[in-house]
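Structures for review follow.
After this come two complexes, each holding chain A, first together with chain B and then together with chain C.
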Partner chain A sequence: MTGVVGRSVEAITGALRSVFAAERIAASDGFLQRRDPRASLCAVAGLALAVMITRTLAVTLLLGAVTVALARLSKVPLRRLLARSAVVPLTSAFIVLPQAVLLPGDVLVEAFGIAVTDAGVSYVVLFTLRVGTGVALLSLIVVTTRFSSVIAAMKALRVPVALVWVIAVTYRYLFLFFDELQRLVLARNSRTAGRSTVRGGWRDVKRIAGTFLLRTIDRGERVGRGMRARGGARPPSPYDRTRTVDGCDYALVAFAAATVIGSWVIRWGL
Partner chain B sequence: MGPVIDARQLSHEYPDGTTAIRNITLTIEEGERVAVIGANGSGKSTLQLALGGLIDTSTGTVEYFEETTDAEDVRDRLGVLLQDPDDYLFNTTVREDLEYGPAQLGMPRQAAARRIERLADRLGLSDLLDRAPFRLSGGEKQRAAVASVLTFDPDVLLLDEPLGAVDDRYRERILELMTAHEGTVVLFTPSPDLVPEVADRVILVGQNGSAVADGPVREILTDGSLLRDHGLRPPTTVQLFDGILDADAVPLTVSEARKYLSREMR
Partner chain C sequence: MHIPDGFLDPLIAGLFWVASGVAIGIAVRRARDKLGDERTPLLGVVAAGIFAAQMLNWPIPGGTSAHFVGGAFAGILLGPSLGVLAMTAVVTIQALVFGDGGIIALGGNLFAMAVVDVLVGYAIFRALRGVHETGAAFVAGWGAITVSALAVGLGVGLSSAFAYELGLTVSIMVVGHTVLGLIEGAITAAVYGFVANARPDLVLGRFDDDSLSPEVGL
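Up next, the complex of A and B:
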């Protein structure tokens, strides 16, 4: 598995592990880092909601600019934020791309009997930008706030415990899942000579898929026991990391609320 | 002083048909220092999971503190350290892993913080607190895992090979922490050499998963044929003095051997 598949596993695992590097950003001094996690969570959720509501390019671009401004104020490298947020919108763009020719509208380009319409292009661009901005906002909260603080904030905000539980466990298991895959690939590579072709790589994937599944289940069970051994059967209970809510926190939440209302009014009117 | 763990007829068979432990009955009293020894694959880790209430055994029951058979009721009083630190450290930073147990089990934050600071200092983790556990070396992970089980100060420690990849310096410190622990300590290890330093009582698990011997450390560890029959060897000092000294005079540890030799050589 030294070929494409092996490299893909490395890349995905590396990307996931970069979340740990993000913990260093969360520990640094920046605008969102100084905010009470409850305020950050509410504000970012509000801005993301505003993005979901809007169907206007200008509003989406404005919210994108707000996201970039928040990232700059929070000392989050834009390149890193872009790298973390790019996969989902690009995948979305690929999925909605056929709309560029399916939606009726003025024809922009026509080739081989297929017409690309202005309405179709607008739809694809707007959809991709909305997804990208939403994901960037969620990445921003993950990058600037320690995960345990996010969990503590969700608990403080009385988010249903089942949802908090699912998020906490998923977050932990995601890393273990890819960690296990990387171990498996490393173990295989250490006893494999030469470089494999793409076809050979896929053949290897078929071979290790079953083992990987069993190992993941087994590891999941063992980590589950590790969690239970330290009270993991009880609802997630990180130490409360919230601090005193100050004027900036209120201002941020108020700004987010205003964007939600503004986005609502622009779309549906009063 | 009563039993902290009272296990009756524990047997466990894994879904693939492997019988890991077979009809084990044992009682561990408050404050006891017990070593459960056995060869690889004898079922020590399964027994630890069963005593820690982390698996539902095929048969048998475990009663804790004469109060309950549900380990979750007394989870804050049981410190179960799993064999593989990678199974035990799952948080984003070492600090969060050390906080996990105290937070989940309702320990006041200030008390936990003080304890974490002390343990981190003792186990050389102070500079590693903000590191991701997966980035640590094997020995560092092991130390972090040991610290994680000690942070919430449980009454009973059930430790499965806690010294696995630890270097000599921290091995001593972990042994000191185990010795200083005021509650009950149950150590699961395949290494008889370690036992005299920690335990007063030994339970030997045979290769068929049953408890084949249970008694004082000296009685079990000086019985070379019993140990060999079950895939183990006596401690190095016992082997050294085998046939030279009677079983009741054989030094069980290096320090005892040093004392004996210096006395004899004077």
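Up next, the complex of A and C:
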């Protein structure tokens, strides 16, 4: 596969690989995998909120340690978690790096008239760690909870059912369309010889995108006709997975709630 | 464009959640009125198509590539309420399946990419389509992404977690996306032109009920 358009296949393959890897971890028997998805979602969101509230390095490090402990308990390989979570905090560090010299404070190093301050360095480190912990928490939910369970949790958490169904159907057809798009790009590439210009590449990708979207709409219409033929009233698929919320689920949510309150108290006091 | 957790203050993130929740709630109600409970999920098929189309690399000079965001296109193709719902599904799956953005920041990402992008794109297209349809699609794609970037710049700039001033975050986001938005506009116009040529029945406003497909009523 060559060319910018051809690299779309690599992007699709990369996305699929990460989803399949996450599904494999989600199928293992770990702490978060055994939890009710409502409890995991609420707890991880609570921990992320606690990270957003804090401005203290020690609290951020503690919440980072909690994230690592949850990952270990859930049999998530730390290398994989780090690989998933490293890019965003590193980019964020690059964005806020000028603050190391912009923020006033005690001078740590001075060269060429530029002074690096302690307040600036503290801010950059804290900001990067907060973003890193937030991203790691999201990655944790992504790799330990199957999306079908997340959909069931959304329904149980009273997200409007029409929206839940739209999300469920989007997820259901996504992989089919990834496959279809991959085949379209592959077919176009197999008919193309020589180097493609930017203009030629645009012409190709416009045809691929247009044809693909038309096929998508056509499939939607066929699914609609199929539903009508069957009477139309039956929802596309059941996602009602009732589970008993056990003591561990309550404990996890209570722990997350306590973390939010603790983070709040440390920042603003009682 | 995805905002990760850590950039927004909890208060700003909460306001984004409220604004997105209200807009998506209205969109859900209108979609149910329009399509009914049975056919609303079919919107997910089109949403999945837009999501997959985002994976295509569009070549730009210099050997690099750009991606389609698709909010304005969703608004043009589906109308405001169905477009908001489709992009809500896309942004939610991006966060909870692919780990793009953040959990607390999901409200902000929904507001920028599923609400503002779609509604601004739709409004611009609706206002300009009488002048030139493909041109209107271009301006819709460009304008929508720029206004979305303004929303992100405002949210991040107003957050104390991010040390840069509001003026700077807004300027960088708006100026950057005014330029990058030209690519989104060009992609929106190219895809719109292709789809409109092949299926003129899908073009918004050519039928009284503005439905996606008059034949099946989706």
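As a convention for this text, the second predicted complex is superposed on the first by the 173 of 270 C-alpha atoms of A that agree within 3 Å, B and C clash if a C-alpha of one lies under 4 Å from a C-alpha of the other, contacts with A are read in each partner's own complex, and residues count from 1 in each chain.
By our rule, a residue touches a chain if its C-beta (ideal position, glycine included) is under 8 Å from a C-beta of that chain, and two chains touch if they have at least 3 such contacts.
Please read all numbers here as calculations on a predicted model, not as lab measurements.
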Check the residue A:Met227 against both partner chains and state whether it touches chain B (first), chain C (second), both, or neither. both
First (chain B), second (chain C), both or neither: which does A:Lys155 touch? neither
Chain A residues in contact: does chain B have more, or chain C? C
Which of the two partners, first being chain B and second being chain C, lies in contact with A:Arg219: first, second, both, or neither? both
Give one of first, second, both or neither to describe whether A:Ala27 is in contact with chain B, with chain C, with both, or with none. first
Which holds for A:Ala11: it touches chain B only (first), chain C only (second), both, or neither? second
Who does A:Arg172 touch here: chain B (first), chain C (second), both, or neither? both
Just to be sure I read the superposition right, which of the two partners does A:Phe147 touch: chain B = first, chain C = second, or both, or neither? both
After lining up the shared chain so the two structures overlap, which partner does A:Arg38 touch, if you call chain B first and chain C second: first, second, both or neither? neither
Chain B and chain C footprints on chain A meet at residues 19, 147, 172, 176, 219, 223, 225, 227-228, 232-234, 236
The chain A residues in contact with chain C across the complex are 3-5, 7-8, 11-12, 15, 18-19, 22, 44-45, 48-49, 51-53, 84, 88, 92, 96, 99, 102-103, 123, 127, 130-131, 133-135, 137-139, 141-142, 147, 150, 160-163, 165-174, 176-178, 180-181, 185, 196, 198, 201-202, 205-217, 219-221, 223-225, 227-228, 232-236
Chain B residues touching chain A - in the complex, by the definition given at the top: 49, 52, 54-55, 72, 75-76, 78-82, 84, 86-93, 96, 99-101, 103-106, 109, 112, 130, 132, 134-135, 148-149, 152
Residues of chain A touching chain B in their complex? 17, 19-20, 23-24, 27, 146-148, 172, 175-176, 179, 219, 222-223, 225-234, 236-240
Per the touch rule, the chain C residues reaching chain A in their complex are 4-10, 13, 24-25, 28, 31-32, 37-53, 55-61, 63-65, 68, 85-86, 88-90, 92-93, 95-99, 101-105, 161-164, 187, 190-191, 194-195, 198-199, 202, 212-213, 215-218
